[in-house]
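The following blocks contain the structures, represented as structure tokens.
Below are two complexes that have subunit A in common, paired first with subunit B and then with subunit C.
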Partner chain A sequence: MHSRVDQFMEMARKEMKNELSQTFLKLVTFWAPILRQTALSSFPDPVAAESYSRAIRAEVIERLPELLEEFEKNAISRGVKVIWARDAAEANNIILDIAKRKGVKYITKGKSMITEEIGLNDHLIKNGIHVYETDLGEVITQLLSLPPFHLVGPAINVPPEKISEIFLENGILKEPTTDPVTLGKAARMFLRKKFKALDMGIVGVNMAIADTGSFINVENEGNIRMNKSSPKTLIAIMSLEKVVPNSADAIHMIRMLIRNCNGRKITSYVSFDTGPKKADELDGPEEIYMVILDNGRSEIYKDFKARSILKCIRCGACLNTCPVYMKIGGYPYGFVYTGPMGQAINPLLLGIENTTDLYRACTLCGSCKQICPAGVDPPTLFLEYRSRAIRMKNAKDNWTLLSRLANTVVTVFSFGMSQGWAWSLGVKCVRPVLNFLSKDGYIKDIPMGIQGWFSCRDLRAVPEKTFHERWKDLQNKPVPLADIAKKEVI
Partner chain B sequence: MKVSLFIPCTVDIMLPEIGVATYKLLSRLGEQPIYHPEQTCCGQPLFNAGYRDQAKRVAKHFINVFGNDECIVSPAGSCVSMVKYHYPELLEDEPSWCDRANSLALRVFELSQYIVDNLGVTDVGATFKGMVTYHESCHILRGLGVSDQPKKLIAGVKDVQYVDLNNSTVCCGFGGEFAVAYPEISEAMVKDKAQNFINTGAEILLLCEPGCLLNIGGYLHRNHPGKRAMHLSNFLANNGKEV
Partner chain C sequence: MSMQAREEILGRLKSVRKNTPAARPAKPVLSEINLDKGQLLQRFTSELNAQTGTVYQAKDKEDALRILSEIASAETLKFVLTTSDDIYGIDIRAFGSQNNISVSTVQDFSDRDAFRELAFTVDAGITSADFAVAETGTIGVIFHKDQPRLVSIAPPVHIAILPVDKLYPIYENIVEQVFRNTDKIPSQFSFITGPSATGDIQGVHFKGMHGPAKIFVIFIMNK
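What follows is the complex of A and B.
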């Protein structure tokens, strides 16, 4: 997928003015935490349930290579053809080759972030194989050529009028309507025809079980199940961190995934697939290919400080709690993974030097870390990326005059900050300059460098004396003890 | 007991009255505050901006200044969490410094946490006739896990009426350099915070974080003159009066 993260602020400004997006974001802020808490409260001990899921993901990361080999072995023993793909291009070509070999004319697809990541649709369409998205939201975004707005509701910000219009244009709908049920039904009837006599379906994977070789998908529309059960050939594609050790772990992770994702205890459909149709079975695909995608993840695995991002299960709970996401929505992030999880993983997939806004546009409030059922700590990752970015900018063969200047200024500051006298002197020098700009005890604007602060805020003028300077006076005026007796600390 | 005052740079320069209030409160409760004049800044702005080598230098200075104190108290939760959690991480490749940082981490406290948990006091002898509410600053709430302590101190104030703030745990949009680098997003966030405060009908928005105070206070001054945000220490030491 082509990244547009360089347009971060431009898109953010646009989205903050988009009333429809803002309405949706306000609704999510209100409802998501309530629904999530309600769903989590069905656990006898929600905190323990969360610790358990974090423990599972920590174990997965610790044993990843071994678990993947176990999964491969067991999947093959069930008749699945396992193919490893090093990167996006390789995965795309593997899938295209299979499609060409089978002579398919079109492919249906379940909603999957990983295929967005590698840009599979574009690759197949470019090579003459039409791709039909089958998740209603994805059908809409595909027809509008829009990136997903939210990972659960990719087209939740598209009004029914617009949907009606594009459905009419594409022959999915005959009469214009804004009734959601009629629109949904029209898409369903259209897609049913595609599922009949289907040669090939492609799905992503929510979880893969190492000790059985099974893979699991959760969904609400039943389209993924249609994609998995109707075609002659089924291709599942997963990024390599999706594996879990065993079925018990998988079941717990599924329970946590769904509760954190859409605030329900279970989705309408949960499907497990363990190998293709056997000789004595009536239904199911004749062949299953499992493409296990690396696309930079082995490098992330080797990167000890960033590795923990591989724990992410893409539930999206962090989106719904992020105060920045809540204001700007999904588009500004410019890539398939949005919100804090995207801010944490995209810099590793796309390069730290290309994704500055992702790890800088964050107040480090920590609510994503707190909510994460997989135990990812995005703020710590952002701090790590920030320091790597500075190091890269000042590297021998990479530095610019600006980066050198900034680094020198900061270094001088840091020296000043490590000497009490220099600090006091610095304050004495800065105070009159700042206060020259103040009026009635407040500074309304400072033209250079920090004008961002003053776009909506004032800054109090710097007081005549620092605490440091007031300390001597303080010591000379003893403070009377409070009447209230201090409780004894036992 | 001797308590070492850790007065962060924002307080020292921009909000010295918070330092004075901290001193008064602790003295009033029978503590003996001491102050090391060599102290500067904890280095968080440098660390957050990614300048780790430089932040390290400042962290080492901090450790040298405070390293021998039994108990260090600060009216800024964010700076406490910097010292407590990020110093050991920052100095991880220098074992002897890292040990000192780890040892220091156990001795640094946020003011309300210190008064309630360590001194066992919730009534500091303050009086205020009026309604107040409380903003849960990110690094105090999620960083240090401090939430009940400030509320207990508010509840201990004579005649005060406390009202809950809607979305009190949502970030106010400060985030240090964030407020300067992403002013539009920051504005949208602080606007919500101010609106939620105004909706409570409370006279004062209390908080325990100088950074949030600069942000919310600055926004209120520009857009809602007359509405006040105040640091809890100031509120308790001066019975809600501006000094």
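What follows is the complex of A and C.
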């Protein structure tokens, strides 16, 4: 997918003025956390359930190469053709080659973020093989060439008039309508014809089970089951961090994924595929190609300060709780991954130097970290990216007097704040200086100080002794119990 | 080329210092495991009803036939596809002739394309189910020669039949059975909970996006 991250500010301003976007953002970000909470409360101990899923993901990251090899071995023994792809171009070409070799007329696709990450549709269409998205939201975003507005409802904000228009243009609809159900049923009828004569389907993967070589898809619409049932050839593509040790872990992760994703306890369909169809089966794929995609992830894996992002299971819970996403929606993020999830992963995929606005558009409130079922800590990642960006900038010898000064001040500060004795000394020394500026018990201005602070408030003059000093005095000279009520003692 | 990619990717992953994973906390226990038979059935029913699915308790095979006829007339079924003419002892062909419904069974087909064509044409698919899960009103279906995948996904109505002793509290009870014997893992296994659904346009929810718009589950209470 072509990145439009550079237009972040511009798009964010635009979306904040877009009434329709604002209406849906209010609706989604109000209801989604409530539904999520309700669904999680079906666990006798929701906190324990969360700790357990976080532990699974943490273990997966530690054991990643070993789990991948185990998955590969078992998948191959079941008859799956496993192909590794280093990057987007390689994965796209692998899939194009298979499609060409099979001589397929068209391909249908289940909703998959990874194929959007690598721009698979564009590549196939450019090379003469038409791809039909089959998830209703994705059908709409594909026809309108829109980025996803929300992880679960990528086109939830698109007005029905616009959908009607584009459906008419593409022969999906015969009479204009603004009824969402009529529009949906029209897409159903259109795609049924495609499913019925389908030669090849492409699906993403929600989870892969190492000890059986199975892969799992979670969905509501049934389009993925169609893709896995009707055609003779199936391509599944997964990024390499999707693996879990065993089926019991997968079940727990599915419970957590769905509750966090759409606030339900289960989706309509959760299907486990272990190898192609048996010879005597009437449907299902005769061949399954499993493309395991790296696309930068093995480099991220080597980066200990950033690799925890590989725990992410793409549930999207962090979107609905993010105060920034709540205001700007999915478009400004300019890439397939939106919200805190996108702010954390996109800089690693697209380059920290190209995505400044993403990791700066955060208040560090920590809400995403608190609710993450996989144990990702986006705010800490953002701080890391910010510091890397500064270091990169300085490393290029772009020093100015101001940046040197800022750097020195921050270095002194960080030293002072990390050493107890230095901090104590600092607060002691700064007192007479501050009080020197005070008048009638108030400090009204500091020359060369923080601009703006004193425009509407004053600072009280600082007491001579620090809290710690007074505390120590108090310990040496205990106050009789009877006197504690007399506040002036303290 | 692809072997080279494999070596490169795995090589990078393995080049990293490996830490021992932290010990996991205790696996959270689910309250559903304490439900008795009646409660399991109650829970299954309320969960599936919430997804607009309908649950029947058939006293015996005859009762199941009666329920099937009831569904057939309510849904005006004319043409059904069934995974077998004998689902847990229920004679689906007899049901067809009693109700003037044309019945095709999976065993009528040896040609994949003809089968597929028909699966997209019939009014309903009647299948057995291998398991039911009370936790969420879910049925579990193992796909194989006599249980092709399309019967439960392509037609607009899905009717699933199973004996009540296949109803379990939680998913683990089932997944453990499906994946236990590594030689017998099915090519596909699905959990199905309610009809196919979407809310992708304006958040307006409706059933029957790509798969069935209606689902009926019939428990046979006495074999």
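Observations on the structure shown:
Please note the rule applied: the second predicted complex is superposed on the first by the 395 of 490 C-alpha atoms of A that agree within 3 Å, B and C clash if a C-alpha of one lies under 4 Å from a C-alpha of the other, contacts with A are read in each partner's own complex, and residues count from 1 in each chain.
Simple rule for what comes next: a contact is a pair of C-beta atoms (placed from the backbone, for glycine too) under 8 Å apart; a residue touches a chain by one contact, two chains touch by 3 or more.
This is a predicted model, so every value here is computed, not measured.
Once the two complexes are laid over each other on the shared chain, residue contacts for A:A248 go to subunit C alone; subunit B is not touched.
Look at A:M417: by the touch rule set out above, it reaches subunit B but stays clear of subunit C.
Touch criterion met: A:I390 reaches subunit B, while subunit C stays clear of it.
Comparing subunit C and subunit B on the residues of subunit A they touch gives the larger count to C.
Of the two partner chains, neither subunit B nor subunit C is touched by A:S403.
When both complexes are overlaid on chain A, the residue A:L191 reaches subunit C alone and has no touch with subunit B. In the superposition on chain A, no contact is made by A:N18 with either subunit B or subunit C.
Judged by the touch definition given at the top, the superposed model places A:N354 against neither subunit B nor subunit C. When the two structures are aligned on the shared chain, A:F467 is found in touch with subunit B, with no touch to subunit C.
Across the interface of their complex, subunit A is touched by residues 2, 5-6, 8-10, 12-16, 18-22, 24-31, 47, 51, 106, 109, 112, 115-117, 119-120, 135-136, 138, 143-145, 148-150, 153-154, 171-172, 175-176, 178-179, 182, 185-204, 206, 208-212 of subunit C.
Taken together, the subunit B residues at the contact with subunit A in this complex read 7, 11-17, 19-20, 23-24, 27-30, 35, 37-41, 43, 46-52, 54-55, 57-58, 60-61, 65, 86, 89, 118-121, 123-125, 138-139, 142-143, 167, 169-171, 173-191, 214-215, 217-219, 221-223. Listed in rising order, the residues of subunit A touching subunit C in the complex are 24, 27-28, 43-45, 48-49, 51-52, 55-56, 58-59, 62-65, 68-69, 78, 83-86, 90, 94, 134-137, 140, 153-156, 158-160, 163, 180-181, 183-185, 187-188, 191-192, 195-196, 212, 214, 220-223, 225-226, 228-230, 232, 240, 247-248, 250-252, 254-255, 265-278, 280-284, 292, 294, 298-299, 301-302, 304. On the side of subunit A, the complex with subunit B involves touching residues 9, 12-13, 16, 29, 323-324, 327-328, 360-367, 369-370, 380, 383, 385-391, 407, 410-411, 413-420, 423, 427, 431, 442, 444, 449-450, 452-453, 455-460, 462-463, 465-468, 470-471, 474, 478-484, 486-489.
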